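The structure under discussion appears below in the form of structure tokens.
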Amino acid sequence: MATARVSIVGVSGYAGVELCKLVSAHPALTLSAAVADRWAGAPLGERVRLRGPAASVVVAPMKDVAAAANAEVALLATPADVSARVAPLLLARGVRVVDLSGAFRLRDASAYPRWYGFEHPAPELLAEAAYGLPEVPELAPSLAGVRLVANPGCYATAAILAVAPLLAARLASPDAIFLDGKSGVTGAGRKVEERLLFNEVDENVGAYRVGRHQHTPEIEQALGIVAGARAQVTFTPHLVPLRRGLVVTAYGRLEGGADLARVRAAFARYYAKRSEVVVVAPDEVAIARVANETHALVGAHADEERRTFVAVAALDNLLKGAASQALQNVCAMLDVPFAAVAS
Amino acid sequence: MATARVSIVGVSGYAGVELCKLVSAHPALTLSAAVADRWAGAPLGERVRLRGPAASVVVAPMKDVAAAANAEVALLATPADVSARVAPLLLARGVRVVDLSGAFRLRDASAYPRWYGFEHPAPELLAEAAYGLPEVPELAPSLAGVRLVANPGCYATAAILAVAPLLAARLASPDAIFLDGKSGVTGAGRKVEERLLFNEVDENVGAYRVGRHQHTPEIEQALGIVAGARAQVTFTPHLVPLRRGLVVTAYGRLEGGADLARVRAAFARYYAKRSEVVVVAPDEVAIARVANETHALVGAHADEERRTFVAVAALDNLLKGAASQALQNVCAMLDVPFAAVAS
Amino acid sequence: MATARVSIVGVSGYAGVELCKLVSAHPALTLSAAVADRWAGAPLGERVRLRGPAASVVVAPMKDVAAAANAEVALLATPADVSARVAPLLLARGVRVVDLSGAFRLRDASAYPRWYGFEHPAPELLAEAAYGLPEVPELAPSLAGVRLVANPGCYATAAILAVAPLLAARLASPDAIFLDGKSGVTGAGRKVEERLLFNEVDENVGAYRVGRHQHTPEIEQALGIVAGARAQVTFTPHLVPLRRGLVVTAYGRLEGGADLARVRAAFARYYAKRSEVVVVAPDEVAIARVANETHALVGAHADEERRTFVAVAALDNLLKGAASQALQNVCAMLDVPFAAVAS
Amino acid sequence: MATARVSIVGVSGYAGVELCKLVSAHPALTLSAAVADRWAGAPLGERVRLRGPAASVVVAPMKDVAAAANAEVALLATPADVSARVAPLLLARGVRVVDLSGAFRLRDASAYPRWYGFEHPAPELLAEAAYGLPEVPELAPSLAGVRLVANPGCYATAAILAVAPLLAARLASPDAIFLDGKSGVTGAGRKVEERLLFNEVDENVGAYRVGRHQHTPEIEQALGIVAGARAQVTFTPHLVPLRRGLVVTAYGRLEGGADLARVRAAFARYYAKRSEVVVVAPDEVAIARVANETHALVGAHADEERRTFVAVAALDNLLKGAASQALQNVCAMLDVPFAAVAS
């Protein structure tokens, strides 16, 4: 069978490793190149347990990032400022790009200095980039001819999946949504920092980046599109003592004639034909049920007395929150089935 | 020195063990009796590492709960339905009571069947019971002559401590407050249930009792008193993989002229003279900093753009959320200093 | 392609779930029947995330265990006393059996009352059963015509893999081998017992069954065959706060001309052509590197000064210590490749 | 009451913090000085929750380590090479020293380059230093007039406590003892290293420093003194996913007429009058029972069939394995009771 070539930049991080495994296991794809300074010069198979030809791909250093142009689609698992520089180079060589960082998620270039700490070097690409969350079709109806896909943030994915059905059905107010996130430690990447030491994380939970997490504008942009109105979210992430997975609990006010039955029906309908989002009761949404899985779980409750809702979503931050989501996008771009790799 | 006699009913649970340690270490108190079926007949010192005379107190079975009447104050660390039956017996014998269950926290007897699953056997005591959270003086100005104290719930304590300063200063709206709780596993007590097995809890976080946790009416009652208006809360607890401690993150709308400076000032002022509540930045509120400690940490943020607040409180569910809180109440009732036992 | 039918008895335990996934993913096998009281009546796909036809296999209750006879090979993931009764029934119907319990591991029927607590109901099968650890060929040269395979115990697998190369090469003395095991909690199965509660296991390590763990005679039997002499082992298991995986550290005296170079060479040679045992430095043997993997890691050190050795082996107790080991055995019995399912 | 002045060098590490708490809580001691670069200039009370005058002691930088001479006894919680330089300075000023590092534990100066990586700068002190493990009186009969005490290593303490009763009673052979250690992560100190990140430690157990841990010669020296014969130990430490506490499981051959009854009697007798070592059954020795406690648990089993023993010891590596052990030594030096601080 003719397979499509896919390259990966940033293979040595947690998401990069997952991308290697997923791409090399997909029967319609071939891993054609891999880039990362940390592993430069080594065959991939020495660092990741892989079978087949992907194991012998030799990792190129970042200075030779052009090696990633030997592909139909390049996956970027690099920091946002790196992606913002690398994506234009690859696009210029005719390679389509799925970027896992935040570099192309926000349409408003002026938001980058505040939320990401850099002036965007390629603002003209922001309007072109498609936000790749296929279960929320309001965001990008099709990836068929798309050159550049912004893969959603891990918290953002859970938040949007939890709230979109309510906003799409006009059952909740978009102007004051509260999001409480709890993430395992792989969400912070492979950094050697004191706050990520075992002794700091174990037997501990705490809030961080209160009022300034960079997924806030991304979520507001997406939910605003779904609601057809300005969305405002207050988001607080928390670090919890586990490795993989996150859960977001969303709160807000019901609107119009919303009641419990309508809320449940809205979720069932919105995700009816989606293999990678499964609707359950909110008490059954749990990280352990999605760790190492490619699907998200969502569930919602309506408090009819207080006219409020609670919606919960859980996913594996390295899979549905990063790598398997990226592969869903690659498959949609190339029009090949994703299901083949989901276990 | 003459010391006051204190008895404990329900010594064998997690909170009971902490009560034993605290009471026996307090120089102004003597542990005069202990009751629990699980340890009946054994000297306390065989089950809890205690020094001094408390070690030789022999545990009585529940059928001899009257043994607890040999005290000036009895502490009840029993399930709510048991406390509801035992407290009247002890009060009738002239013993003052601090109850750690929910049996006397709600003023409205008709709420018990819905939230606690039983018809209250002593509704006449509900009006008399003082809600013992001394750092929120609106709730019970003094315990000097009080016979019956309802010790607050662990989540409720954190929720009330996080929100009371804002409501007292009229900086936030009481009518839609969202509370997201994350608790370690001792919060569920020492039950042998499948959901509390290591394999279920480890590497997992999930919501439970969505829309039906029994601390909801307790928090609404307390915050309503502080606000001088009806308070409505939507509360979702989550189980996190650790033993001791919980954190509650509260969300809602700012009101009036609230801004970040006023919010911070309100917290600083409200807890200025309180040794057992410490105000810090919200990013510094963490379970590991309060585990095995008798104080709570609180911190708040105001999002001036979206007109919302985030307030975070952490405490040890077995100490400030149960046993050391109870001891604060005993000390206030007997007019002896609490500080002696805080380490 | 014609596929072989495989049935599973005891699908609802941890090992049973892994067997379901492995069998249903193997291109040469078809899951033809599943038995377990806990899930009786439900299609397997409602309890385990499976793709393909295995999802619609309806689970039979144990009273209909004969349903498992619809297969060329039946896998038994049942307690030892159950396996001892069920295996003869299936063999009598012409089905080959791989048993994951200890029911057929010991050749000496008189050992069962002491180590397993029951009189063996089918002692005549003990001589026939092959001990299925293919990387230690001294134990069972071939499974080609074998009707009954005893799948090794999880600790026993690690212990034997750690020590066999030394005994086979006559580099260590078989008469006083010390084995220190550390296992995650899935090793204990899905039992609702107080000692397996999160609050008992978390932040804890302790020895259990000191001097009386039932894998002791199994290891002595296997190592005795490899050594060609009586082997005596002293084995102490410990529970560690994690879910999957175990490590066994083995100690003993060097023999003959053993030195570090010869010890290393013996391990390299013994496992040279084995895909499911990988030799590394002893400091690199770690549970996290084998969790969710089908291979074991082993490494050894020789202390030339003290004339002792240290050998370490790690594996996933549910895979190489149970389910994937069983599948290796099934594949060997049917002469189909195992590699297809190893990821 | 007149109190003795105690200074602490290295207050900012995990053991240093525990020393602060213990010294400041002891009624017969006054914390007179504290030294650590990390906290230099800050009052101790800002970094450690302390009550009383110790909170206002201002931390001095290491260049002013002479500040620690304002004391009758100085506690050194510094790396071995630092202690080796600082102890002579303080001794020269007439201050007695308890050193928590390995700098003065080995009598043989020539062992330091191999096991600690430095040439010892004060070898003349090695003969003078007393090894401060009071429950093993063979090692140092009294600390009454002693100027310099080497506080035992954490693993070494557990290993010696587990084996000493057997060697003292001549029930076990000293020439091939196998020690398997499992320690929580505070045992490694507060280092920001990749191997100590949460993602590396969580759900993992692995051996480290196989054949080269620096407690090996320390244990051999101590056990040799107890046995009155050369002792040889093979020691393998493992890192386990928890914060505080360690367990050592010791193995070896029984000697002479040893049987289970004699082994048990030897332990009971050896620790009969010791408050800080408690003898229990080996299955009851567990880290969770000694975490945050000042005592160790030990238990032993004899396998009469195989003529081997298993002895298990658990302790809190920061308390009985470091800080509370040091305080026991200070109290013995000053002839004041230790019990006052044990909780």
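In order of appearance the chains are A, B, C and D, and numbering begins at 1 in each one.
In this text, a contact is a pair of C-beta atoms (placed from the backbone, for glycine too) under 8 Å apart; a residue touches a chain by one contact, two chains touch by 3 or more.
What you are looking at is a predicted structure, and each value in this text was computed from that prediction instead of being measured.
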Repeat of the B-D interface, chosen from C-D, A-C or A-D (over half of contact pairs identical by residue number): A-C
Contact tally winner between A-C and A-B is A-B
Whole-Å separation of chain centres (CA-atom averages), chain A against chain B: 39
Hey, how far is the Cα centre of chain B from the one of chain C, in Å? 48
Two or more partner chains touched - positions in chain D: 200, 202-203, 241-243
In the complex, chain C touches chain A at residues 21, 25, 49, 51, 203, 292-293, 339, 342-343
Which residues of chain D touch chain C in their complex? 176, 178, 180, 182, 184, 200, 202-211, 232-234, 236, 238, 240-245, 247, 249, 251, 253, 282-288, 291, 301, 303, 306, 308, 310, 312, 314
Applying the document's contact rule, which stretches of chain B touch chain C when the two form their complex? 185-186, 190, 192-194, 196-203, 241-243
